[in-house]
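The structure follows.
Each chain carries a letter (A, B, C and D) given by its place in the written order, and its residues are counted from 1.
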Amino acid sequence: MNSNTEEIDKKEEKGKKEEISNLGLSNKDISRQRLLNKDGTFNSRRTGLPFWETFNFYHYMVGVSWLKFSFIVFSGYVLLNLLFAIVYYLLGVDTHLLGVIAASEMDKFLESFFFSSQSFTTVGYGRISPIGTWTSSIAAFESLVGLMCLAIATGLFYGRFSKPVSKVLYSKNAVVTQFNDITAFQFRIANEQKSELIDVEVRVMFSILREENANTPYRKYYNLKLEFSKINFFSLIWTVNHIIDSESPLYGLTKNDLTNGHAEFLILLQGYDDTFMSNVHSRSSYRHNEILCNAKFANVYGFEEDGRTTVSLDKISDTESV
Amino acid sequence: MNSNTEEIDKKEEKGKKEEISNLGLSNKDISRQRLLNKDGTFNSRRTGLPFWETFNFYHYMVGVSWLKFSFIVFSGYVLLNLLFAIVYYLLGVDTHLLGVIAASEMDKFLESFFFSSQSFTTVGYGRISPIGTWTSSIAAFESLVGLMCLAIATGLFYGRFSKPVSKVLYSKNAVVTQFNDITAFQFRIANEQKSELIDVEVRVMFSILREENANTPYRKYYNLKLEFSKINFFSLIWTVNHIIDSESPLYGLTKNDLTNGHAEFLILLQGYDDTFMSNVHSRSSYRHNEILCNAKFANVYGFEEDGRTTVSLDKISDTESV
Amino acid sequence: MNSNTEEIDKKEEKGKKEEISNLGLSNKDISRQRLLNKDGTFNSRRTGLPFWETFNFYHYMVGVSWLKFSFIVFSGYVLLNLLFAIVYYLLGVDTHLLGVIAASEMDKFLESFFFSSQSFTTVGYGRISPIGTWTSSIAAFESLVGLMCLAIATGLFYGRFSKPVSKVLYSKNAVVTQFNDITAFQFRIANEQKSELIDVEVRVMFSILREENANTPYRKYYNLKLEFSKINFFSLIWTVNHIIDSESPLYGLTKNDLTNGHAEFLILLQGYDDTFMSNVHSRSSYRHNEILCNAKFANVYGFEEDGRTTVSLDKISDTESV
Amino acid sequence: MNSNTEEIDKKEEKGKKEEISNLGLSNKDISRQRLLNKDGTFNSRRTGLPFWETFNFYHYMVGVSWLKFSFIVFSGYVLLNLLFAIVYYLLGVDTHLLGVIAASEMDKFLESFFFSSQSFTTVGYGRISPIGTWTSSIAAFESLVGLMCLAIATGLFYGRFSKPVSKVLYSKNAVVTQFNDITAFQFRIANEQKSELIDVEVRVMFSILREENANTPYRKYYNLKLEFSKINFFSLIWTVNHIIDSESPLYGLTKNDLTNGHAEFLILLQGYDDTFMSNVHSRSSYRHNEILCNAKFANVYGFEEDGRTTVSLDKISDTESV
């Protein structure tokens, strides 16, 4: 530990009594596990709250895969129809449903089921139609339920659609590179979507576990100063660059220091998606074992015959040794 | 009252002629009641405006409980169908509705009602169908009304769904705690939802009633300076911390001063919900009788077998005496 | 014109060559008419663009009154049905529509019309049903059109609903008031809706026509400094206050100066609506003849029996002479 | 190249090692082609990602023209119906569909197709109705699919509608103009829509290719300082103005320098649309051959008989020689 980081430590000394840093992560979290997963989710767990307090149907349905979503919609449709079919069947198919063509009890139940589905979707062919107050009432109610489910489905579809899918590509590794007499920590990100991201800001936090005093180890968090932390447009590729000068908390640290300190670089990106007209956020992290030393990123720029620039996004993780 | 707060008072002297503080609360509000309820609603009332000027159907329907919402939707459905049923009945069931099966006038009205519901939901089985210009026209109109109601319901459902439910848990009490030679005012908040809150900012306002001059009592409002007033992520738990040093308006105040001054700490939280892609706000307050002196919050951090950190949100209000 | 405003003039001299102030209004706009109407719309006109370039259907339908909206929806429904009815009628009712009950050509057309409405709304009773390729195809197409119209209507309804209706009440007049040795320009605003407005900011611009040199009159625009220009919450009433001290562009101006200069105070308000989760804007203006001198606003605060504060919004424009 | 720009160059020297400027464009992009197209899209291409990684159905459907949108919806409708029609036909029309009127196999297939469309749109006239478990099940499934497609269409319509169409008009050319002893770079923009744009900010970037050292040409990017870069309201017309003084990177450059350096002025506009309640962005650019020297923009202001100001937006590109 050199004097520069000590100085930074002193400035942060005051915050040590705090249970939380301005990253929202606690100094008391002395886990040796990853803090942030590659996909940007936090690697800690919350306990003590009942399931229904934290579960949100809309949130869940907007977030699941299209396969699961379709399965849930289809299952819900079959289950609701089964439920109503049972009611119609119990009320009596012969006397309360007109036009049923059935040779057996099973056929009667199936006709109930199909009548139910015809009411629920409001297709109402009318070969089978309800007579009698009870069956007519239930059918009237089922049609209302069907329409409300349609309304809910519409909301869910729109929620799924209008959710920005800011797929930000991160290079597999970060590198510590050297040009002239300058050392820098770099990683590369690209915008996978065709939409422009506007006013994109990247923040990089460096976290390391300190165990000077074995009884009270604690995590430290540093903001890394970037040469450009904000760009107006993010349409192609961006090499995020932190110069490791004497003011950097990385200054003087060896690869071993990073490993022993369970070091992790937390990446936070935010911007505005021009297509979805919404703020987007992306998170990722590089652990100590994902840092390549003495490497630099390979060139991704080329030109087409008509003179237009091309950028090869499949080479985003390509590195060369220095 | 010590000299420090007096100094702050002087700086605010100029604002005294103003009717309003930058909190939007009036110095003239010398009520001895709570300013802000625990759930974040204001405890004052507006009068003088007619009901319809301030009532907003969408606002109301998006805000009510699911039970009330369902009840209103169902009642509206039944009422509208009754209305149209009366019209069909008055136009004449025998001559204007084909396929009616009815033994009595009551049966005829019921058939009108069910025909109405079949038109409204556009299920249109067709056993009963309209003939004649009038009944056909009314039925055509009813189907349009039904579809518009479906459109409205869809909008309401989506409005209810897409409204962020930023359930922020507040510790039941705030504490005045001491470590080393530092005194601090602290309370704890947690994010009850699974979604991340981003760029969360907390502001704490301290309000106290001054009655030096009994004829013109007035309320004073102070912003409390926080060690961290903004964090990048709010995924777990946050101990909000105000150091009571010589610059704090709380400096030198006793528990009695707080009680006599009907003191209240107003908490304002805002952030961005990553799931609902919307700004969220939460408000709460601690009154003087909800402050525990010489207490500190109990630890909520633990570790799972795999080394992951856990946070027990059910212990958020747990305190220990210092 | 006193020396203070002259000084301010000099600072703005540089901007004179510009065609536009930072308000977006032009110095060249030497109209003697109101700049901003009471309802916040601009009083100038744009010409030279064809109607369809500037017309936006969604914008129009979201902005019209509910009466006009209903009328347009209903008319569109009738017109579209008429159109399809003509097609069905021309294709031949006898051979292409099954189940028609008609004694005359008029009856046949009416049956076509009702069949059309039954297809459009997808109610499809089925008494009348299409046979033959052409009529069946048109009917299949009409049902699709009907569903798309429903989709559009749903979007319009949601657009109308989710549009924040930040009804901000402005006091009828602004006042120039005096307390102790201070002179101030004040007006009062209130939040008419039940929803909270958050982080509300008010900007007041003072505009006056200068004609020193009769050949080149021009408009000047000044920002007025407010004691509080931003409040955290706007749930009740707010007296916006500009102190007319020696730095104010109003300093030394008489009522006559305002009249001769066609003076106008432009009010811009913006905030965040907690219910509609959207930014809201409101604009209004006070012309020289809407300023009351030597008046002050009457008290609106009261208390209920239970000690809660009440604010009488109907007294917002009440003034008393000083 | 004069000493002023050299000085600016030095300040930016440090950034040269960076691969990216704060505009998000790379110094390494030494293409001699246009950087930004007139319509604001970037003129570079991304390669290396599979089609499905970058394609987004919602994004595409919200962005295409109404003609293409209608065509896709109609084609999808016909195709889905054909698909289900084939299934119904293969299951057997005679035994599984009741009420079919068909003289030939072709007629049978057409009846299948129309039954399919009647199920899909849920119009369900009922002349044709399904019997048997298989056909009834498929029909029940088709109605569900139809409703889900309606839900999707509703979402797409709303997405198309609620997308702000901030049509910003740019003058065809930018001018370099002179008044008194001041030289300025100017262009004119107007708001084509009736909605107000609020808090509009314009940024102008000047880009020029440097080839001092023929082996390593690179692009330089400069921010141009504007007299007003932000206005409160953008309802009419705005002349954006950059003074070419000794601190301007344009100072001392000749028309030839611009041509040789493949110079380009990149325009970025952002604001808030009061009607669509959303942020809007617009981009455009002027290449060296679109700059008129010694010209100035013609007047667009006029007055109506009632004294109201008018602005002729069709004259936005009109210039006069100085």
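Heads up, the rule we're going with is that a contact is a pair of C-beta atoms (placed from the backbone, for glycine too) under 8 Å apart; a residue touches a chain by one contact, two chains touch by 3 or more.
Here the structure is a predicted model, which means the values were calculated and not measured.
Asks: On the document's contact criterion, could you list the chains that touch chain A and likewise touch chain B?
Replies: C, D
Asks: Could you work out which chain's C-alpha centre is the most distant one from the centre of chain A?
Replies: C
Asks: Please tell me whether B-D or B-C has the greater number of C-beta pairs in contact.
Replies: Between the chain pairs B-D and B-C, B-C carries more contacts.
Asks: Could you label the chain A-chain D interface same or different, taking same to mean over half of its residue numbers are used by both chains?
Replies: Different residues, largely: of all residue numbers at this interface, under half are found in both copies.
Asks: Can you grab the rotation angle between chain C and chain D? Superpose on CA, round to the nearest 5°.
Replies: For the C-alpha superposition of chain C onto chain D, the angle is 90 degrees.
Asks: Provide the C-alpha centroid distance between chain B and chain C, rounded to the nearest whole angstrom.
Replies: 27
Asks: Roughly how far is chain B from chain D, centre to centre by C-alpha average, rounded to an integer in Å?
Replies: 37
Asks: Find every residue in chain B that makes contact with two or more other chains and list them.
Replies: Residues 118, 122-126, 150, 154, 156, 158 of chain B each touch two or more of the other chains.
Asks: What residues on chain A touch chain B, complex-wise?
Replies: 14-15, 17-26, 28-29, 31-33, 42-49, 53-56, 58-59, 62-63, 98, 118-119, 122-126, 128-131, 133, 136-137, 139-140, 143-144, 146-148, 150-152, 154-156, 158-159, 163-164, 203, 268, 270, 278-279, 281
Asks: Would you pull the chain D residues touching chain B in the complex into a rising list?
Replies: Going through chain D, the ones touching chain B are 122, 124-126, 154.
Asks: Note which residues of chain D are touching chain C in the complex, please.
Replies: Touching chain C: residues 73-74, 77, 81, 101, 110, 114, 117-118, 121-127, 150, 153-154, 156-158, 161-162, 165, 167, 179-180, 182, 192-196, 198, 200, 227-228, 230-239, 241, 272, 274-277, 299, 301, 303-304, 306-315 of chain D.
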